Amino acid sequence: MKQDILHRKLRAGIVGGGQGSFIGAVAWYLKRSYKSFEEMARAEASLPDGIDFVMVAVPNHLHYRVARTFLEHGIHVVCDKPMTFNLEEAQTLVTLVEQKKLIFALTHNYTGYPAVRHARHLVRTGTIGTIRKVLVEYIQDCPTKSGIAGSVGDIGTHAENLLEFITGVKIAAVCADLTAFIEGRQLDDDANMLLRLENGGKGILTCSQIAAGEENALSIRIYGSKAGLEWHQMEPNTLLFKQPGQPLQVLRTGLPYMSEEASAATRLPAGHPEGFLEAFANVYRLAIADIRRVKSGASPEGGYPTVYDGLRGMQFITKVVESSQKGAVWIDF
Amino acid sequence: MKQDILHRKLRAGIVGGGQGSFIGAVAWYLKRSYKSFEEMARAEASLPDGIDFVMVAVPNHLHYRVARTFLEHGIHVVCDKPMTFNLEEAQTLVTLVEQKKLIFALTHNYTGYPAVRHARHLVRTGTIGTIRKVLVEYIQDCPTKSGIAGSVGDIGTHAENLLEFITGVKIAAVCADLTAFIEGRQLDDDANMLLRLENGGKGILTCSQIAAGEENALSIRIYGSKAGLEWHQMEPNTLLFKQPGQPLQVLRTGLPYMSEEASAATRLPAGHPEGFLEAFANVYRLAIADIRRVKSGASPEGGYPTVYDGLRGMQFITKVVESSQKGAVWIDF
Amino acid sequence: MKQDILHRKLRAGIVGGGQGSFIGAVAWYLKRSYKSFEEMARAEASLPDGIDFVMVAVPNHLHYRVARTFLEHGIHVVCDKPMTFNLEEAQTLVTLVEQKKLIFALTHNYTGYPAVRHARHLVRTGTIGTIRKVLVEYIQDCPTKSGIAGSVGDIGTHAENLLEFITGVKIAAVCADLTAFIEGRQLDDDANMLLRLENGGKGILTCSQIAAGEENALSIRIYGSKAGLEWHQMEPNTLLFKQPGQPLQVLRTGLPYMSEEASAATRLPAGHPEGFLEAFANVYRLAIADIRRVKSGASPEGGYPTVYDGLRGMQFITKVVESSQKGAVWIDF
Amino acid sequence: MKQDILHRKLRAGIVGGGQGSFIGAVAWYLKRSYKSFEEMARAEASLPDGIDFVMVAVPNHLHYRVARTFLEHGIHVVCDKPMTFNLEEAQTLVTLVEQKKLIFALTHNYTGYPAVRHARHLVRTGTIGTIRKVLVEYIQDCPTKSGIAGSVGDIGTHAENLLEFITGVKIAAVCADLTAFIEGRQLDDDANMLLRLENGGKGILTCSQIAAGEENALSIRIYGSKAGLEWHQMEPNTLLFKQPGQPLQVLRTGLPYMSEEASAATRLPAGHPEGFLEAFANVYRLAIADIRRVKSGASPEGGYPTVYDGLRGMQFITKVVESSQKGAVWIDF
């Protein structure tokens, strides 16, 4: 893991700002800067020491344009979410990534938590049995600056992504009831959904930005034929493991019984809390490892959210909005 | 409160058993016993020291017959839930209670918890503001003896009752997706529902008897325009109170800031845990106080679940089953 | 267990009040009453249907006199704590109980919790290994009516009793620092103690009645050579079980993995909270079972706090006060 | 805050390794390396672009020698703890720091948590009233690699430092009972202490490295004449605030009611967990800000643990060991 941290040979660029000021950086210390991201992509692609990948951290409405531009110039991308504004744009990025054989990582950062990765491990190894019921929530108080995407676009996609990431089971149909409670809001600030999973399991997804007094309450509970799991983003180093007739087990990151995958995402000994930033960094670490692999001719190994997760998120939003607009009816995926 | 506990003047009967053995009791120590509940109702109604009220604690399928019989003989009833098997029977009991002007208490025992009563108080006094979102759950592991009513009938009605009891807002429409996961089960062992409330609020109700490792996880979270509330049956003496931008408050039974209604339902000082049995007894205490009132010519004051809650529960089950059978579509109440 | 609940053949008396009004009862419904406890003891001892045992629920300063009087008349005693005012009185009661071969139960009610009994079971069966460290606390906010005994006498003895009850290991020496923080208090309202246990283990006991905002926070943590335990009175149905390198286990009353002893003290299924009153009643049930045994010529089986626990408590108070008065020095038991 | 993060003008060196391999770095990317720390200190002190400060991250037994060497060459120091091996060495460093007017930061990292800083703020502003009772704990399972310092030196000093940091009240006397439970251990692996505070308050400090199943359980509870506080390192973003007769308040980092000092130490919005590394970094940020101040001729402002905290820690260890060796008697500070 140590050699991943010291990424001596990769050159990173960043595009931020968005009000006309764009910056390009190598190895965190500004070496070159540009007035536009188009100029930056063009220049860096042609330089002998041009950047290997770019981090897209501009305002949401620019994600697509910036990401597409760097992909077109053959530069790997790590992009903040939401990936695009609509399904068509998402499909364009997928096509570009496939044509150019580039790495595209989407920072669905919650997948970077070690306990989330251990949850996925327990599902994959059959410990939970067949997934029957999933309850996933992302609940917040009214944010002072609300996103323009509505609660489903802002946070609902995190919940959807978490569900499919951990369970490996796809949502097959949704019945969604969206509401805008706060006067003047154009888009939903609350959403309740029934889910049907492709394997016959059932679920509930609720996201809200009108939940008085809540902070950033993303959580998931999974019940399978053999056991259950529970995880709360606000206590991220704990994973509850529930077996019928057995004592509840409190699994904790940093302890020897955790899976290799969870341990690889853990920096500190048990009881030394890690948090949001470390989870975010874990997504970066995995993406950078893959960029290094493809640059050295090896195959990428994945393990982080990609352009396909971005496409999936846009499909999810599209179906959810369609369901709600038709009166909260079932829509197949 | 003390004088309520020592109910010297009321004579209580109980009907239990159900396999052919019925018992009638006065003041807990068996004075008279009967071979059938019909015989008991007839005899007690004609005795000078006959019972004032009967507790119906027979198996679920007999609730209706026993309750009706005692009502017909003019005896007040405290009945376990579910009240009846269908809507028609529920309507019959309502009519009987109204005609005979009798007290009919239904032991929706969870309404008896002091913290639940304080939650209702906070809603009633406007502290929460307009109810916008309600998340209510009743989740259990597979019970060794499953009820014949399905999860909605067994436990879903507790969740529905709790929602309407605390918020004072009625469910206006439901979209319910019921599943029988366990092989061989005739009825649902899991249900996910979207709710629309009569005041424009939205909600989710989920109940399950396939939630591996869960015990008796009834909980409710309420978000209003001003504040939020959270209560968990398994930590019944705690009520979480959430205000935007303010510290979360942990309200605890037995402390001086609790409402009069909550304090009246509390027996012990703060930190001396009360539980399920005390909540159950609180429903009895309120019902018995009303029986005493009507016997002395006063008007009943309520505050406990009645025959109308039983009717409401049957309506709920009926609508939920209809919704699910039609493919999880919206059904108005 | 059912047959224990219906204690048809035992006749119980109660002595309460204390301001000159004493009452004697049989089977909860007052059959006979008396003007003094001396008269009651004398009369009941000579009646053919006289009481089998008496419950001593008078103010603390009368416990000794009332208990002694009934013992002298050959009547079994269930006595609230503190048992006596000083060590000499405690010794007198021990002698009386031994001479008369009577049952004497002391309501150290916290020993009645099922999770406490399971903790003792885990220690007894060697699951915890050799006891090395014990942290026991009893912390409260300033009570509105403070006991006259000081914090050590009021609540410290509960902590001491809990420690020795669960671990089976005796305190061998104490170094105690007592303080009266509240102006005008004659006795301690706070105490911190180092403990040395007879087996070489070490411990801390702290009790306080100046802990702002605390309710009734009795807790114990035990660390042995193999595993650890943690229990909190305010979440009484949960016992934490800690093994090195293993997931923390949350043991819960009412589940099949609990010991027979814990299950026998549990009335309700898992997830249906039991509390303080049920724990209190468990002490009564065990005492009454023993009274029945000795009345039928069998040997008592114990399992509840007795006159020896009362004696031990008085020794504890005596040693603690001596230690503190000498400047918080070590005093051997 | 942003300008603190980008410390463009300060040049940092690091001394690590310790088995003969020492490294010197500028701005994280190795510019120069050395075979010994003596050589590094000498060379860097004479270079025009020599380092401004050094981070001492060598094994514990070398802290003193390395720190002293760089101080002697006029280079500011950020040093891991324990600062020295004994009191004399600590005094030497204090003298050097005072003579040379250098910044010396000691990474008592737990003081860097925002909730700890808010706790200190609440004490300083009188919200808690006069400190009466403090319970501070640092409890761990047997570490696989135990420190050579014993539990008091390894972790007890963190507890001592946290107590004095938050309360601003000094420990005046200690009565300490140290034990080595694990066979073959030279020094204590467990310690229980009674504390007397300079203001008349009382306390308990316990640290242990034999607490089966515990992770890194540092916690503090403070009770004053007006209110109480509780903080647990393993849930670092939460601070419990307890007022008599009022609801318990759960204070959370990132929310607007937190003090300016706590907010300045917080990077992310509420509900986005921060952890151990961010707390550590907060100590660095404050130290670096002071180094910048003194380099620009301004006065240092402090706010982080310094050479005086290191001296205090050595005094604490010395007194504790003396107390225990004399049989756990009281030793004044």
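Chains here go by letter, A, B, C and D, matching the order in which they are written, and residues are numbered from 1 within each.
By definition in this document, contacts are C-beta pairs under 8 Å (C-beta built on N, C-alpha and C of every residue); 3 or more make two chains touch, one makes a residue touch a chain.
As the structure is a prediction and not an experimental result, all values here were calculated from the model.
Undergrad: Of the other chains, whose C-alpha centre is the longest way from the centre of chain B?
TA: Result for the farthest chain: D.
Undergrad: Consider the two chain pairs C-D and B-C; indicate the one with the greater count of contacting C-beta pairs.
TA: C-D
Undergrad: Determine the centre-to-centre distance between chain C and chain D, using the mean Cα coordinates as centres, and give it in whole Å.
TA: 42
Undergrad: Quick check: how many Å separate the C-alpha centres of chain B and chain C?
TA: 36
Undergrad: So which bits of chain D are touching at least two other chains?
TA: Residues 214, 241, 245-246, 248, 252, 255 of chain D each touch two or more of the other chains.
Undergrad: Within their complex, state which residues of chain D touch chain B.
TA: 241, 245-252, 255-257
Undergrad: Mind pulling up the chain D residues that touch chain A in the complex?
TA: These residues of chain D touch chain A: 27, 29, 140, 214-217, 233-236, 252, 254-255, 267-278.
Undergrad: For chain C, which residues are in contact with chain D within the complex?
TA: By the definition above, chain C touches chain D via 132-133, 135, 137, 141-142, 175, 177, 179, 181, 190, 192-194, 196, 202-204, 206, 208, 210-214, 223-228, 241-246, 248, 327-330.
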